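Got some structures for you, see below.
Both complexes below contain subunit A, partnered by subunit B and then by subunit C.
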Partner chain A sequence: MKNTESTLQIEAKPLKTAAIILALLGAVLSGIVLSDKANYSVFSFSYLLAFIFVWTAVIGCLFFVALHHVTGAVWSVAYRRIAESFASNVGIIFILFLPVAYFTYAYKDFHLYSWMDHHHMEEHPVLAGKLPYLNFNFFAIRAFAFFAIWFLFSRFFVKSSVQQDASIGNSDLQAKNVRTTKKMRDLSGPFIILFAYTTSFAGIDWIMSLDPLWFSTMYGVYIFSGVVLTALSVISLTLFSLEKKGLFPKEYLKKDHLYSLGALLFAFSCFWAYIAFSQFMLIWYANIPEETEWFYHRMHGSWLTVTIALALIRFVIPFFMMLSRHAKMNIKMIAAVSVVQLVGQWIDLYWLIMPHVNKEYQPSLGIAEVGPTLLLTGLLLFFVHRFMSKNSLIAGGDPVLDRCKSFHL
Partner chain B sequence: MSNEKKLVGMVGLYDTPDELAGAAVKVRDAKYQKWDCHTPYPLHGLDDAMGLKPSPIPYITLSAGFVGISAALLLQGWMSAVDYPVRIGGKPMWSWPAFVPITFELFVLFSCVTIMGCVVLFCKLGKWHSPLHDSDIMKEVTSTRFAVVLDSEDSNFTEEKAQKLLEETGCKDIRPLHQIVDVEGGLI
Partner chain C sequence: MSVDTILRPAPLTTREVSFQELDNDINRPLESFPTFRWWIAISITSGMATLFLVGIYYTVFYGIGTWGNNNPVGWGFAIVNFVFWIGIGHAGTLISAILFLLRQAWRTAIARFAEAMTIFAVICALQFPLFHTGRPWLAAFWLLPLPNHNDIWVNFRSPLLWDVFAVSTYGLVSFMFWYTGLVPDFATIRDRAKHPIRKMAYGILSLGWTGSHRAWQHYEKAYLLFAGFATPLVLSVHSVVSFDFAVSVIPGWHTTIFPPYFVAGAIFSGFGMVATLIIIMRKMFKLEYLVTDDHLELMNKVIITTSMMVGFAYITELFIAWYSGVAYERYAFMNRAVGPYAWAYWTMFSCNVIFPQLLWFKKIRRSALLMYPIIILINVGMWFERFVIVVSSLHRDYLPSSWDYFTPTIIDWFLFIGSFGIFLTLMLLFCRFLPTISIAEAKAFSPGAQPSGAHHE
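Right after this comes the complex of A and B.
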């Protein structure tokens, strides 16, 4: 089997240039913000936001790869390499996490996580009971364990997949490739179980514990829905830009392939709405002060605007954009919805994280808020581009690729 | 008792789905309007091959869904805020979060029932019989084979032309479809 797509790589510079410009702009803006010591507090929160934003993209793509293997999906074979080029960046994400750990540990005059204030914690009877979990050492150990798991599996999935490429035009290796695919399928199941735990606990550790008193048992699932939506959006947008440049073979962009992608995007938007509303309604119904406070703050004053915008952007607008069967088959519509969903994910994280800066903080969109996001997004795109320019754009050695080419729903 | 036979269509039987899809394209291009395909299982891509127009069902369903949403909100709002107001848990009378689950359910219910109704209506269910069902052809297309049925009511239809068109599609098993007229003057 001679595949011409094996040679398809992004030679085009625009993405690389855009990524570097984005990162530089972000770095300059962040530098301006950091030049004033009074901004350290807001900056650490918006850096956390930016970190979670790129983390969701990377970890979501890793989940997409595992989901592809565990279900033995056919339609997504050609799109898997795009997910892998994001998922290969777990190491980068770990380095980007280090500033979060630094902000948590180093600053004494304000706290990114208020549980770092041990005096306050010990005085409060409920919070004192949470100290064995919410302390810096255990926090760091957990984070390290999460990253270790993600790193090992992302390395395994990406490396195995790239190794399979060697068989293009070499039929002797096909039997070996079948074995590799089977191995990936075997390990994807256990990974998804680990993924469920690690992502839930990462969400609890990194975002939910911003308010150590508040809790929601839906939180892990809520974070998961955002993770998957972000991953599907970045995959769709990458696919769209590749298609626009004519770098992606048309036989993998048939209606049946695109419908599968669009339907997932649509389904997870509804899933998000379901999870978000369930979380809200139960807390609203029970009306227990320690739980309600979290929503009360977000349902009054200018935060209410953000809440309504979130519901519209994350669910209502994408729902009607994607409702039609033809919209789900149209790559332009999928890309448009992906942009909406990425904006939605950012607003979602903003809504989750920024109210905790302090009680007086009002929603605003200044350089302190967007700077870190631009920097980290630029960095991630740079590394994604680097991976793509080194490897084939399509998992050419996958034994299922031929079936993907003639895929019908 | 005279059993007069009336020609109501021509049937072409095929052994594989690909043959049928190819035939459907040819019949479509011959500008036939009244014709149909019969398969033992749903065949994806056949709607394109047949050149079927987009169905109005999605719009009808969505409208019915909105009727469901309005019905649910009016029903609950009227009951709990107007007709028999009872304050529950210190919440406002118009407590929209509590209404959402039922609103969602009625949205789904109205949509589904409408789809069911549309299917019954659009598939012309409720007829007691049809010539195709009375023939042996139905036994074959519900188990192993694939059929194109050209209706005699189509303006293009003549027995010779239909026969020729089906031959052109590579069909090896062409059968005329008859309806038995009579038994006390009516159609069976």
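Right after this comes the complex of A and C.
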């Protein structure tokens, strides 16, 4: 078996340049914002937004890899390396998390997480009971544990997959590769269980606890739907840009491959709508003050515009864009929907996080909001590019790759 | 071992099989006189179904005061059984619609059987709310969106009304989907029939199916469209059922994770029931070469996946109940775990989350004998889940002076056991009159039928 085309690597550098420009721009903007102490508060929230944004991309791609293995999927073999190049960055994401921990711990004039205000917490009859969970030490321990789990599994999945590449043109390693794939399949099941708990608790810790009073059992599932959508979008967009440069072999971009990817993107857009609607409707209907307050704030004044935009961008527009069978097989359409979904994810996170800056904060799109996102996205793309330029673009050693090539629905 | 045998999905049949053989084997139960075992089975199940009639007689004659419902447990066995049966009905359309859209060819072996189960389960489920209205002969007017004599309309804001729409749509679409799939098979039976009346009956059912290319083309289109329509319904039915509870302000009911949690639970219990019955069916009809151990393994994988989704929901609920800091929420969940219904809660928890973990072992997944106790426990556990949700949340409401303990009466038991009687009787009749596996699809997916000779992926 020879897969000469699968040893392709990125030759062109535009992605790297773009990544660096993006990161520098973001850094400059963030620097301008931080030059005024009055902006520290908004900045810490928009940094959290940016961190969650890149985190969802990386952790979502890790989930995509695990999902691929646990289901023994065939169509996604050729796309898996793209997911792996994002998933390999858990370590980077951890470093990007450190400022969040710093803002949480160090800022005393305002609180990123209002549960850091112990005085307020102890006096409040309900919040006092949450102190055993909502305190900095336990928060940091949990975050560390989540990252440790993600890091170990991402290392395992990515390393094993890259190691398989060695077999290209070497048939002796075939048997070993089959064993490696089997091992990845065996471990993907347990990982998905850990993933479910770590991701939803990370969502609760990092975003839901911004309002320590509010709670919703659906929250973890809601975060998960955004995580998967983001992963599918970044995979699709990377695929599109590689295809445009002629770097991705055409035999893995046939209608049936693309249909599978497009259908997944479509399905998870619907899934997001289902989860978002269920969460909203149940809280709206029951109308219990301690729950409704969270939505009430987002449904009045200029926040209502954001809420409506979110519903349109995350579900209505992509739904009609992707409904037709032809759209799901068209890489340009998939890429267009991915852009919409990435914008949607950002607005979603904005909608989840920024209302907590303070009650007076009105939705706005200034450098304070955008700067950190550009910086972190640029950094992530830089490392993704680095991974791609070091490794093959396709998991060339995967024993199922041949069947992926001839995949038909 | 070659790559192919390890990483490829297993073949859909254990051996090469000719079309003639498939026709003969799948149609044998339809074309031969029922066996002694079948007569025994149907006597037992129709006996059980008679209990339902007795229960209905008492209920209608004396009113629903004959049930164990009390104040505050205004919803007792009736709603528990309703949700239980709707849940059972979930696997069928999931298998036939969603797995079809996902191109899971293995669904062929179990789809027909599961769809039949869906329809019968919906029939059983509908009995309970219907008789819970007290005067079922008027219920048609109460439930349909018609103004009554005072020009008062049904309450469109009530999730119970949404349920009427959701369940009836689901039942109808499932039935039509099932029937569409049956049409080519009806024609096969018609063509094989020797007796003129039999020929005529199946001929009418087959809607004049000729098997021409054009007919097949239309059939495939219709089937795909039905699959598309039915897919959101699989999610919507049980989501709407969950709204019945979750829109309220009852601790233990009002929790936002309910819709996906109910759907996962429904698929879980549905697959549990499919596995329970299909293992018997394949043994009795000697169809093990079509419903293979690989099929059981795949079903078990769905079962353990959904089991852990349900477990995730249990744990999230427990955690958020504590995290919420709301005294009522905390109490409701503490009360479930250590209160008077703790036995039900732990039955539910162990049957749905702990025992299914045994399915991590390949050996158990692939053995009908070893998996059987587990799936029986799943059926039990999922019934208890509904019992826990309905009864344990209601029996201690906001006003401690009205707390009460719910005990089902003999009539409740009659209706519950009777609904199993109806369900199993219908299943037994189904096995005698309709092909339990889609003949047309089995032929299309049998080894060698694919144009390339490769397995369908």
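In the analysis below, the second predicted complex is superposed on the first by the 408 of 409 C-alpha atoms of A that agree within 3 Å, B and C clash if a C-alpha of one lies under 4 Å from a C-alpha of the other, contacts with A are read in each partner's own complex, and residues count from 1 in each chain.
In this text, contacts are C-beta pairs under 8 Å (C-beta built on N, C-alpha and C of every residue); 3 or more make two chains touch, one makes a residue touch a chain.
For clarity, every value in this text was computed on a predicted model and none was experimentally measured.
Novice: Examine A:302 and indicate which partner it touches, taking first as subunit B and second as subunit C; both and neither are also allowed.
Specialist: neither
Novice: Return first, second, both or neither, reflecting whether A:290 touches subunit B, subunit C, both chains, or no partner chain.
Specialist: second
Novice: Among the partners subunit B and subunit C, which is in contact with a greater number of residues of subunit A?
Specialist: On the superposition, C touches more of the residues of subunit A.
Novice: First (subunit B), second (subunit C), both or neither: which does A:323 touch?
Specialist: First partner only.
Novice: Should A:408 be classified as contacting the first partner (subunit B), the second (subunit C), both, or neither?
Specialist: A:408 contacts both subunit B and subunit C.
Novice: Just subunit B (first), just subunit C (second), both, or neither: which does A:35 touch?
Specialist: In the superposition, A:35 contacts neither subunit B nor subunit C.
Novice: Could you say whether A:137 touches subunit B, subunit C, both of them, or neither, answering first, second, both or neither?
Specialist: neither
Novice: Report for A:174: first if it touches subunit B alone, second if subunit C alone, otherwise both or neither.
Specialist: second
Novice: Show me the subunit A residues, by the header's touch rule, that subunit B contacts in one structure and subunit C contacts in the other.
Specialist: Dual-contact residues (subunit A): 281, 285, 408-409.
Novice: Quick one: which bits of subunit C touch subunit A in the complex? Just the residue numbers, please.
Specialist: For subunit C paired with subunit A, touching residues are 1, 3, 6-9, 101, 103, 232, 235, 239, 243, 246-249, 254-260, 308, 312-313, 315-317, 320, 323-326, 360, 457.
Novice: State the interface residues of subunit B toward subunit A in the complex, per the touch definition above.
Specialist: Interface residues on the subunit B side: 44-45, 54, 58, 62, 89-91, 97-98, 100-101.
Novice: Which residues of subunit A touch subunit B in their complex?
Specialist: Residue list for subunit A touching subunit B: 256, 277, 280-281, 284-285, 287, 323-326, 408-409.
Novice: Of all residues in subunit A, which touch subunit C in the complex?
Specialist: 72, 74, 126-127, 129-130, 133, 174, 178, 181-182, 189, 193, 196-197, 200, 204, 213, 215-221, 263, 270, 274-275, 278-279, 281-283, 285-286, 288, 290, 399-400, 403, 407-409
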